[in-house]
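Quick heads-up: structures coming right below.
After this come two complexes, each holding subunit A, first together with subunit B and then together with subunit C.
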Partner chain A sequence: MNLILISAIWGIVMMFSGLFVKDKSQAKNIAIGGALLLLIVNLLDVKGISIFHSDFGGMLSYDLFGYIFLTLVSVSLLVYFLLSGKEIQQVGNHPFEYFALIFFIMSGIGLVSFFNNLLILFLGIEIISIPLYILTGSDKRNLKSNEAALKYFLMGSFSTGIMLLGIAFLYGAAGSFQLAQFQYAGDKEGLFLILGMVFVLISLAFKVSAAPFHFWTPDVYDGAPTVFTSFMATIVKVAFFVAYVNLFLNAFEGSKLKWQLAVAVVTALTLFIGNITAVYQQSVKRMLAYSSIAQAGFMLLAVFTINDMARQGLLLYTVAYCFATIGIFAVLSKMKDFTFDGFNGLASKEPLLAAVLTVFLLSLAGIPLTAGFFAKYFMLAAAVKAGTYLWLVIFAVLMAAVSVYYYFRVITAMYFKEGEGQVIETTASFRYVLLFAAVVIVLLGVFPNQLLLDWLNLG
Partner chain B sequence: MPINYYVILAMSLFSIGVVGVLTRRNAIIIFMCIELMLNAVNLLLVAFSKMHYANLAGGSATANVGTEAQLFVFFIMVVAAAEVSVGLAIIVMMYRNIHSVDVNFLNRLKH
Partner chain C sequence: MVALLLILIPLLGGLVGFFLKGEKQVKTWSLLVSLVSLAAMIYGLADYSPANREFYANWLPQLGSSFALKMDGASAVLCALTALAYPLIFLSTNGNKYANSHAFYGLMLLAQAGISGVFLAADGLLFYFFWELALIPVYFLCSRWGGERRIPVTFKFFVYTFAGSLLMLVGLLYLYYQTPDASFSMNSLYTVKLTVGQQSWLFWLFFVAFAVKMPVFPFHTWQPDTYEQSPTAVTMVLSALMVKMGLFAVVRWLIPLFPAAAIQYDNVVIGLSVIGMIYASILAMKQDDLKRLIAYSSIAHIGLMSAALFVNNESGLQGAMIQFFSHGVNVLGMWIVVELIERRFGTRKMSELGGLASQSPVLAILLVIVALANVALPLTNAFIGEFLMFNGLFHFNVWYAAVGGLSIILSAVYTLRMIQKVFFGTESALSATGIQISFAERFSLWVIVAAIFVMGVYPKPVFALTQETASLILGIFK
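Take a look at the complex of A and B:
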């Protein structure tokens, strides 16, 4: 509850600072202060100290999983602001408003990680989506940004319409919006329940860019300003996944047999299309867009299995994927040339930067001793534990092997190819934060239980 | 009146909206079709609300059965209004740059 309140309030604070603070370069510092505050109040919430506590008649339900997820998201947000704060200010003339919108999105993320009612799910997803449409189009003079914003807006509101139709059918089946009601409604009004589930499944697949509903993703991620692509592809995407898993765990677990095949097919398609198309990309930014679809395929395994192990895997995925992708995008947004050739010879000019990027890419590919390995391992182990659909696990491992190819293309460009290398101006603090993210990824890759997962078991 | 009629009506409206989104090329018309989809859902929710009320009102102390769907409709209307304000701003922004609202112009991102 703390995080939901404070992020909404801090968004308003940011907007008013835009009115009263004359020095525009202060926006970043105020936002970093806000992100730090979010982290602190959320940790207080974990300890049981909250400013205001209400479950609104059972519409919200608080659990430790949600708290830990929000803590990880707050840390990622802090890292994101520290690395890319300067670029966010330079997107346009309204730096304070961009940060304000990001804080409003955080409030929506708080809602989707605690919802226990379809109304809150709907509101949370809309609170996340509507500011994102604005952020996508924030580079107003750039036609690509305009196009991306319009495409994202039309696709987003179309999928909202589908989700609402699904929610309406679910209501028709159960007579309530509380998630627990759908667990028992299975045999009463079969048709409405199944229609509702199908529509909600489709619309959430749109939101997390799962195939075959992924077609908007590469265009939107490519057209949006790079700093906001970084935010959309990481924190927001993971939040949608938490919503997805919470919904299927709390509402549809009882009717698992009915939807499991559909989710398995969507997962397999997402893994296939994401990985195979990423291989053919020439621009690193577009490659990362397809890689985010491919990683979404792995995260869908958590929706597919919905057991405790998969939820732990999702937490690990949050750290591994967010930190690595935010780091790569932060470096990318300082570069002029987004193609693979732009990375040629980076290692000889910027050895530290190249080493850190290598850690991030290895983590995304799932090489052992990085957090990405354990994230993938937990997902696959959870799917094996679920017992059915072993072909999906084998297919996922094969696709992970394909992903190594396009991640290593960047590494070989940095280390083994000759080139002038681009001038990347970095400050000392930028390097330290990047190094911190890399160290966290390696440490989590060595001791995942001690650092993260034991916390979950204590509660 | 049985619930089926309302479901069929709402689904037809929704389908008109979906077909419009998929076939029309004018951004504003596409946008109107999306609004049509949302309003079809509103109609469906109100019909289900009445259905659950009629099913359960025979018992005791269930006078507020079905009210939450009507509340949901208000939330949908509020969110749709927020979406309209953002969406029209985006369409105006695009019109300023290319002097058209035709989505066929939007192919610069395809390589």
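Take a look at the complex of A and C:
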């Protein structure tokens, strides 16, 4: 609860400080302070100290999983601000507002981590989505940014409409918005329940850019300012996944047999399209857009299985995927040339950056000794544990092997190809934060239990 | 404790190596590290007690995985091979210059840690970890310091092995959920009761991973290119040690886990292996490049070993396991000679060489010995292994032995042709200048020749080691 409240308040603080603080370069520092504050208040919540507590008549239900997830998100946000804060300020003339919007999104993320009621889910998703439309178009003199914003807005509203329709059907089936009511909704209203489930599933698939509802993703990620692409593709995406998993776990677990095949097909399609298309990209930014679709395919395995293992895996995924992708985007946004060739010879010019990027890419590819391996491992283990649909697991690992191609292309360019090597201006603190992220990824790859998962079991 | 040291010494040594400045320093350091591992290994063999051979530490209790190491039978033989090969590799390639040498040697030592880990791991997940960890340094080594076509070639190698090992991971996960105590430990996995149907598809998930690594026909296509393009020091690691990972995994994991499937598919595996032997031998006869020739000859030898592992009798198993060691030693000797020739003349093409013997008689004698061992002549180490393997194959099915036996004749053809073209015949303009061999190179060749003869005359100590594994597997088959 702390985080939901404080992030909304801090969003307003950010907006007003735009009025009173004349020095625009202070926006970043205020935002970093805010992110730290979010992390602290959320940790207080984990310890059981709440500033304000209400479950709004059972519409929110707090659990340790949600708190840990929000902690990880807060840390990722902090890393994101530290690495990319400067670029956020330089997007346009309204630095304070951009940060404010991000804090509002955080509030929405808080809601979708704890919702126990379809209305809250809807509210949370809209609170996340609407600021995103604005952020996408924030580079307002750039036509591509405008196009991306419009496209995102139109497609997003459409999917919101579908979600509302789905919620209406579900309400028709159970006579309530509370998630628990759908668990045993009788066979009599079976049709409504299934229709509602299908619509909600489609709408959320759109939000997490699962195939075949992914078509907006490459254009929007490519058109939006790179710093915001980074935010959208990481923190926001895993938040939608948590919403997805929470919804299916708490509302539809009982009717698992009815939807599992559909989710399996969506998962397989997403893995296939994301990985295969990423192979053909020439721009690293677009490659990352497709890679985010491919990774979404792996995270969908959590939705597909919805057991404890999968939820733990989602937490690991949050760290592994967010840290790595935010780090790569942060370096990318400092480069002029987004093509693979732009990375040629980087290792000789910037050995540290190249080494850190290599760790990130290895993690995304799921190589052992990185957090990415355990993230994938948990997803696969959860799916094998479920017992059925082993073809999906085998398909997923084959696709993971494909993903090696495009991630290693960057490594190959950095280390093995001759090139000028772009000059990347970085501050010492930027390097330290990147290094920190890389170290966390490696440590989590060796001791996932000790660092993260034991926490969950203690609660 | 020794088991842990065999991984820890090269791992830490490699990490330190990255931070050393100066080529000379890092060369001395890596040689020192490899010698310390060798010393540890010798100590382990001298004091062959469970305390030395096993190690256990908690690692991921919730996942049912632990840091468990165990050195027994075939695993001890291969650890010894690894510990022996590394100093020889470092000594014989001492004259080479590498850009960023600290990274080169650091990665070499990391690869050693990974390879030793594969030979020691007694836990499924840990095994998978090391399996991948051995691969990553080699990927960087080949792509960074290899020949002209190194990038696509290494990439193919990487994707092949990575895809294979991911399939193995799925199989491991499935097995894990079948264990009564939810554990990855080797003993729990061994006790899993599977139906023949389950075994048969799990068998293939594992076998593909191992077959790519060995490589068995038709998974071999990455191998000649990768051997050719890698820097020779890395080729030595690849062909002497890494291919043994696949063979060893068959002994330690595949057959004990899926004995019924191993019997069910023995004809398929042996058939593929025999096809590979003949096919690779014929191709080896056509090669002009020395590296490619040895690469194909290596496929033929590996084919025989993988066939012998599935014949389900003691002779075949023992022969294959002793050949693990012999093949590693022999192929190392071949590579050292190739390395010398290439460094001196800048070419590996047999058509451009010739008549080296008159200028470099010592080198010629040493190579002829290594080459004869490669053909498995009596008194050399390979004779014992190959004889036992063919004996085993013969008992399994006469026709396999007959067809596979052709490969011995073919191997004599291409090996002798190589000696003839490189060392005898008319001197080419290039080779008239002869080769100066440094002390380090001569020393490593002598060590190899000594190993060839000692093993050829007195193989008993190795048999004593492999006996343990052989009886374990035969016990499972019964």
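Just so we're on the same page, the second predicted complex is superposed on the first by the 458 of 459 C-alpha atoms of A that agree within 3 Å, B and C clash if a C-alpha of one lies under 4 Å from a C-alpha of the other, contacts with A are read in each partner's own complex, and residues count from 1 in each chain.
FYI, a contact is a pair of C-beta atoms (placed from the backbone, for glycine too) under 8 Å apart; a residue touches a chain by one contact, two chains touch by 3 or more.
Keep in mind the model is a prediction, meaning the values are calculated, not measured.
A.B. asks: Mind checking subunit B and subunit C on superposed subunit A, clash or fit?
C.D. replies: These partners fit in the superposed model.
A.B. asks: Kindly classify A:405 by the partners it touches after superposition: subunit B alone (first), subunit C alone (second), both, or neither?
C.D. replies: Only subunit C is touched by A:405; subunit B is not.
A.B. asks: Angle subunit B-subunit A-subunit C between C-alpha centres, in steps of 10 degrees?
C.D. replies: 140
A.B. asks: Report for A:66: first if it touches subunit B alone, second if subunit C alone, otherwise both or neither.
C.D. replies: Neither subunit B nor subunit C is touched by A:66.
A.B. asks: Could you look at A:368 and tell me whether it touches subunit B, subunit C, both or neither (first, second, both, neither)?
C.D. replies: The answer is second: A:368 touches subunit C but not subunit B.
A.B. asks: With the two complexes superposed on chain A, say which partner A:34 touches: subunit B (first), subunit C (second), both, or neither.
C.D. replies: neither
A.B. asks: Quick one: is A:124 in contact with subunit B, with subunit C, with both, or with neither? Answer first, second, both or neither.
C.D. replies: neither
A.B. asks: Taking the superposition on A as described, I'd like to know which of subunit B and subunit C A:297 touches: first, second, both or neither.
C.D. replies: neither
A.B. asks: Tell me the contact category for A:225 with respect to subunit B and subunit C: first, second, both or neither.
C.D. replies: neither
A.B. asks: Check whether subunit B or subunit C contacts more residues of subunit A in the superposed model.
C.D. replies: Between subunit B and subunit C, B touches the greater number of residues in subunit A.
A.B. asks: Once both structures are aligned on chain A, how many angstrom separate the closest C-alpha atoms of subunit B and subunit C?
C.D. replies: 27
A.B. asks: Mind pulling up the subunit A residues that touch subunit C in the complex?
C.D. replies: 362, 367-369, 377, 380-381, 384-385, 387, 390, 393-394, 397-398, 400-401, 404-405, 408, 412, 415-417, 448-449, 453-454, 457
A.B. asks: For the complex, which residues does subunit C have touching subunit A?
C.D. replies: 60-63, 128-129, 132-133, 136, 140, 143-144, 150-151, 155, 158-159, 162-163, 166-167, 169-170, 173-174, 176-177, 205
A.B. asks: Subunit B touches which residues of subunit A in the complex?
C.D. replies: 119, 122-123, 126, 130, 133-134, 137, 140-141, 143-144, 146-151, 153-154, 157-158, 160-162, 164-165, 167-169, 171-172, 175-177, 219, 222-223
A.B. asks: Inside the complex, what are the residues of subunit B that reach subunit A?
C.D. replies: Its residues touching subunit A are 3, 7, 10, 14, 17, 21, 27, 30-31, 34, 37-38, 40-41, 44-45, 48, 51-52, 55-56, 65-66, 68-69, 71-72, 75-76, 79, 82-83, 86-87, 89-91, 93-94, 97-98, 103, 106, 108-110.
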